[in-house]
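For reference, chains read A, B, C, D and E in written order, and residue numbers begin at 1 within each chain.
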Amino acid sequence: MEITVFAAGGTHEAGPGDLPALLADSSTRFWVDMTGPTEADITALTEVFRFHPLAIEDTHNHQQRPKVEVYESYLFIILNAITYTAVLYSHELDAFVGPNYLVTVHEQPEPLVAEAQGRVRRAPTHLAASANHLFYVLADVLVDHIFPVMERIEEASETLSDEILAEPDQAALNQLFSLKRQMAEVWRLVWVQREMLNDLTREWDITARQDDLHYYMRDVVDHLTLLADMMSVQRDTVTGLIDLYMSATSNRLNVVVNRLTVITICIGVLTVFSGFYGMNFVQTWPPFEAAWGVPLVLAFMAGVVILLLAEFRRRDWF
Amino acid sequence: MEITVFAAGGTHEAGPGDLPALLADSSTRFWVDMTGPTEADITALTEVFRFHPLAIEDTHNHQQRPKVEVYESYLFIILNAITYTAVLYSHELDAFVGPNYLVTVHEQPEPLVAEAQGRVRRAPTHLAASANHLFYVLADVLVDHIFPVMERIEEASETLSDEILAEPDQAALNQLFSLKRQMAEVWRLVWVQREMLNDLTREWDITARQDDLHYYMRDVVDHLTLLADMMSVQRDTVTGLIDLYMSATSNRLNVVVNRLTVITICIGVLTVFSGFYGMNFVQTWPPFEAAWGVPLVLAFMAGVVILLLAEFRRRDWF
Amino acid sequence: MEITVFAAGGTHEAGPGDLPALLADSSTRFWVDMTGPTEADITALTEVFRFHPLAIEDTHNHQQRPKVEVYESYLFIILNAITYTAVLYSHELDAFVGPNYLVTVHEQPEPLVAEAQGRVRRAPTHLAASANHLFYVLADVLVDHIFPVMERIEEASETLSDEILAEPDQAALNQLFSLKRQMAEVWRLVWVQREMLNDLTREWDITARQDDLHYYMRDVVDHLTLLADMMSVQRDTVTGLIDLYMSATSNRLNVVVNRLTVITICIGVLTVFSGFYGMNFVQTWPPFEAAWGVPLVLAFMAGVVILLLAEFRRRDWF
Amino acid sequence: MEITVFAAGGTHEAGPGDLPALLADSSTRFWVDMTGPTEADITALTEVFRFHPLAIEDTHNHQQRPKVEVYESYLFIILNAITYTAVLYSHELDAFVGPNYLVTVHEQPEPLVAEAQGRVRRAPTHLAASANHLFYVLADVLVDHIFPVMERIEEASETLSDEILAEPDQAALNQLFSLKRQMAEVWRLVWVQREMLNDLTREWDITARQDDLHYYMRDVVDHLTLLADMMSVQRDTVTGLIDLYMSATSNRLNVVVNRLTVITICIGVLTVFSGFYGMNFVQTWPPFEAAWGVPLVLAFMAGVVILLLAEFRRRDWF
Amino acid sequence: MEITVFAAGGTHEAGPGDLPALLADSSTRFWVDMTGPTEADITALTEVFRFHPLAIEDTHNHQQRPKVEVYESYLFIILNAITYTAVLYSHELDAFVGPNYLVTVHEQPEPLVAEAQGRVRRAPTHLAASANHLFYVLADVLVDHIFPVMERIEEASETLSDEILAEPDQAALNQLFSLKRQMAEVWRLVWVQREMLNDLTREWDITARQDDLHYYMRDVVDHLTLLADMMSVQRDTVTGLIDLYMSATSNRLNVVVNRLTVITICIGVLTVFSGFYGMNFVQTWPPFEAAWGVPLVLAFMAGVVILLLAEFRRRDWF
């Protein structure tokens, strides 16, 4: 548990023992960041903050969808941060927003929290703002980190598209399907959080109009809307690509069968020629005794095949 | 009919004759569990509880969708419990929620009821709560038992996916379609109950705010939302898999026709060769009299076929 | 025109001349059933009941969708009864619901009306109820008669499914498409009437709460919801089946082309063999003069074909 | 510009100079019908009626979707009449509805207007009604003329369906796609006007309840709903037909490849037979010297081919 | 930064230094147009207009979706202008609408602004209108410029359609998919702006009813609705075309396989003929010694092939 107090005179750290005093002092704002949470963290959540057991339970249970739960004197908010290295990975970030504090709980050390606290420190003009401001900065940092994820997904999608348009390939298609599923997942996480923060912001419009925090929150919501839009466009592109692949496969079958037809004709013509001179009729032309018979037939064969291939090439059959 | 009374001094059983007294005593809570229902049960429902004939009729008629019906002084709620052994199976669990009682009716002995009653017994701090609390525990237990169903469906889906991606197979596809239908069914049951309990909870927000039961009920609704979400993701995966299977089938046809082409060419070349030497021209090369003629032709044949196969292999035709 | 009066002392028939008196007497309820409607019926509707000309016009025009029209002192309701013998058939049943009367109009003699009147007669405890009760009984009977239709459609769908899964067959598919269209039609009729009666019931909640008719009406709506649900599930099944059929067709093409490949190879091998010994080289093996030459070649041919077929069978090519 | 005045004493024509007097006299109703509109018409619209420039502009611009625009003292309504001869054709009919007048503007002479005015003339009992009544009659006539369009589309769809089910044919499919697009267009026009008139009617419910015009308007809306429904059903049928066509095409490919297989086998067997007797072995059976050799082989060939064809026919391969 | 003042006496330019005076004088209207924006522009936005930092930030960040943001005393509106030369291109146009000013910001010099200012200058009668009028003219000009884009897209779509219906071609299909994606993009931009301006207009209905600006704004919204409609129709056409292409591809495969079948039969028949006379039986007919043997066989061969081709042509196999 790390406690950072943002007071008029600057930020300083505090210990778990200071929590009751901090809670009682409405003139300070503080941010309690918990990793795990540990036993001591849970004790603080339960006995000092007196959060609802259900909310505390949700902080261990790491497979929750984003949501806002309104309690008497605080909000419990579950956010989902998104990262994308080889594969898409979303992890939970839980927050309690009270009158003068923000409590964040996460399973692994969370770089977003450090970055957000840094931004709060560097923005001294906002010191008078409520704890909502701490939450806004956290949400903003979280949303800013989705943009690079979006870019990497777009890149992956374009690489696969180029590959597939160059040469239809089942392995690339499998990857494209998997990418499409990941896109659906990102879209869903973005959209749920967009809806959730939008609702939250609309309520803040009423309660927080004295400061202009709701303008900032609206900005976070706009970013999420933009992200959801970008993802929708990208998904449509991938869906169109899959349809194109399907039509290309159908087309290729026509090409393949045409090729088979060409080959059947050429070989068939050669077979008919040689079969013709394999007939046992005594008189034929060229006469079987002629020394120039075989070369002539060979020339015939070659000539007919060349003519046929030229014609098929003209008709675009292969 | 089993009557369990949850009184301040502990839980005890009661007989059908005690029902009128229990009903009149608003300081106790009791749970009447009926299996069947039997003739005696129906008499109790009709004459002691004076439930509406339509609601009583619905307790025999076991093919109802989840619903809440509001009557003057009680609620009639139809829940659907879900189990999945070899096949998905949903069965009805009917509940009447009155001011100080819960009546549950089910066709077969219901382990969920026993489990819920056990949880009520082990939670003595909630003894002051209303009969709504009994219903909450029942709903919570019912929802908790859907998670293993979800896991088994996910496992089944993954097994089938691996099978299909390894080798497209119509039998596995049939199973996948059947699984998809079962998923749709689970999703529907989960979603209908989610909507129903959500509406119920919103009403409770007003009437039951003195205790924090509506927080707990919201938690049950969240679980159902999560279940519906998980199912949606899984269904998308299965739908994508079916599309992949279709595209793999199309692709395989190209492969199969290419193979046919290769075979047609190889056999065709051999036929043309032997046909050529079957022509009756007297002079050819190698001369028909040469002892080395047949071996040479055989060598030719083998050589050409090997070259062709190497070329086709290079072009990935088989 | 048949007029049935449901009075405290029992039911009795009345003649067209009694209508003005009946209309004026708010203590009786009566049901006027018209088949056609005939000239006399229309005169009664126009001059005695003074219904709106547009509503009366709709009673001749038998191709109306279910609807409720609110007039000053009565409702005009168009219901659609559904039957299914060889083919789905829906027919209109028009009703005027006034303060103390129900007027039903239909083109053909309608067994539903007789059945509903019988039920009203056998339910003496409800005699005090308003004319709405007569309408409820009619609607209930109408909805009860949709369940067997649903069952017959489910049976037809299952029969076709079994047929198609056993052996893909275009004729069965055509029937399945036709069944799917009929399902859509039933679903639409059920859903429109569900919406219509639901709206009607919600209004009744306010006006008719003194008796518990709105509970009964809600029950009819529940039945329609259940029917719509059942139909949706069945439609999804049929849609899945059509997709399965399509994938099976694609698969079968692979099988068919594989079979062609097997046959091409076997015949090709035999042709190459016989072509080989048709070459005119003097020296070959077995020598052309050997009496055992032909049997040996035949044995070769048979052996190779048998080996090939075994290999193809192992590879599941046919 | 033709001005028809519907006064208590009968209808009579009026000239453009009478307009200011007619406008001022709230006891008359009049209908101004403009074709073009001409310069004089626009002057009247602008200077006498003082309609808004935007609405007047919309009367020249003939590519508008149906809409209602509410201005201070009049409504501007754009209707779309639909005709279908060889191809679907929709044309605009603009109407201004004021307190005691209806102004209609259309590009070409419009038979609908004459028909509607005739109906107004023949309905003297409604003379007391407001200008809304004139508009109702116009809308009713317009909607009545969509029914024959619907019938012709249904006929065209059924003709094409029969054609396609009898023999899949790409040209008929192209026509079906074009018909489907026209259906979508009709559906859209019908639905937009339904929504528009429905909204209009609901407002009239309040303002026009003294007369029963809103019942009539509701009837027009019902007709549009019925038309939209009929079109939806027809579209589903066509969509199902296209799917059927696709599955029939897939099926036919199986048939075609099976036929190729049958032909390959039959010709292959004949080739193997003749190749066998083309081998140069001296001893074979029947001996080469036998006069009955060729007839016997021919009989063999014919017999085997007949047996094969019988077997393939039994297996339904062609 | 270019400042145009629309005063009663005519329009004149002003310098950045005049801004504070202009802002204070509620009797003038002025339009500030910024390209870039430059450093000086941002200073003016920040220090003179005192716009919110978030809105100012959005004016540099050129990848925003259309939106309206309501601030205390001004609106911040992001529009998207659409152009289409070889490829679809949308660019942002930001506007601040205050009580007596319009500020527009864009990255590149914007011809729309010049055109809109020209229209304002030529419409002196509207000089009394509020700054909203300036914005209306801008929006109107922007929307007018989407119509030619729509026409070019329609042309491109029709050209591709003709190409594809004449001869199915994968390259044209790829272009069609790309066009479809662009259509989706245009539709989205049009629709988002339609929704946005519609909401804006509805609010103006209340605040701006003194002048008739809301009629004009409604007209802009109508144009956007029409554009969205036209685009929807066009998209349906393209989707239908893609489906047609797919079905044509399937059909063509049937044609191609039929052609292969015809060729297999013709060559097979010739092979069987020549193979027949390649058999070594001594007696056959015509006798091997007959000089007319070969011509007769050739005639036979030609005759049979001609008959077969005639029959296949009759059956439409090629």
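Here is the rule we use: a residue touches a chain if its C-beta (ideal position, glycine included) is under 8 Å from a C-beta of that chain, and two chains touch if they have at least 3 such contacts.
These figures come from a predicted structure and were not determined experimentally.
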{"item": "Set of chains whose contacts include both chain E and chain A", "value": "none"}
{"item": "Interface numbering overlap (same over half, different under half) for chain C and chain D", "value": "different"}
{"item": "When chain D is superposed on chain E by its C-alpha atoms, the rotation angle in degrees, nearest 5", "value": "70"}
{"item": "Between chain A and chain C, centroid-to-centroid distance (C-alpha), Å", "value": "42"}
{"item": "Rounded Å distance between chain C and chain D, as computed from the means of their C-alpha atoms", "value": "26"}
{"item": "Residues of chain A engaged with two or more neighbouring chains", "value": "250, 253, 257, 260, 264, 268, 271, 275, 278-280"}
{"item": "Chain contact graph, described as a line, ring, star, complete graph or other shape", "value": "ring"}
{"item": "Ring of chains, enumerated from chain D in the sense that reaches chain E first", "value": "D, E, A, B, C"}
{"item": "Chain A - residues contacting chain B, complex", "value": "52, 54, 63-65, 67, 69, 71, 168, 170, 173-174, 177, 180-181, 184-185, 188, 242, 245-246, 249-250, 252-253, 256-257, 259-260, 263-264, 267-268, 270-271, 274-275, 277-280, 288-291, 293-294, 297"}
{"item": "Chain E-touching residues of chain A, taken from the complex the two chains share", "value": "165, 212, 215-216, 218-219, 222, 225-226, 229, 233, 236-237, 240, 243-244, 247-248, 250-251, 253-254, 257-258, 260-261, 264-265, 268-269, 271-272, 275-276, 278-285"}
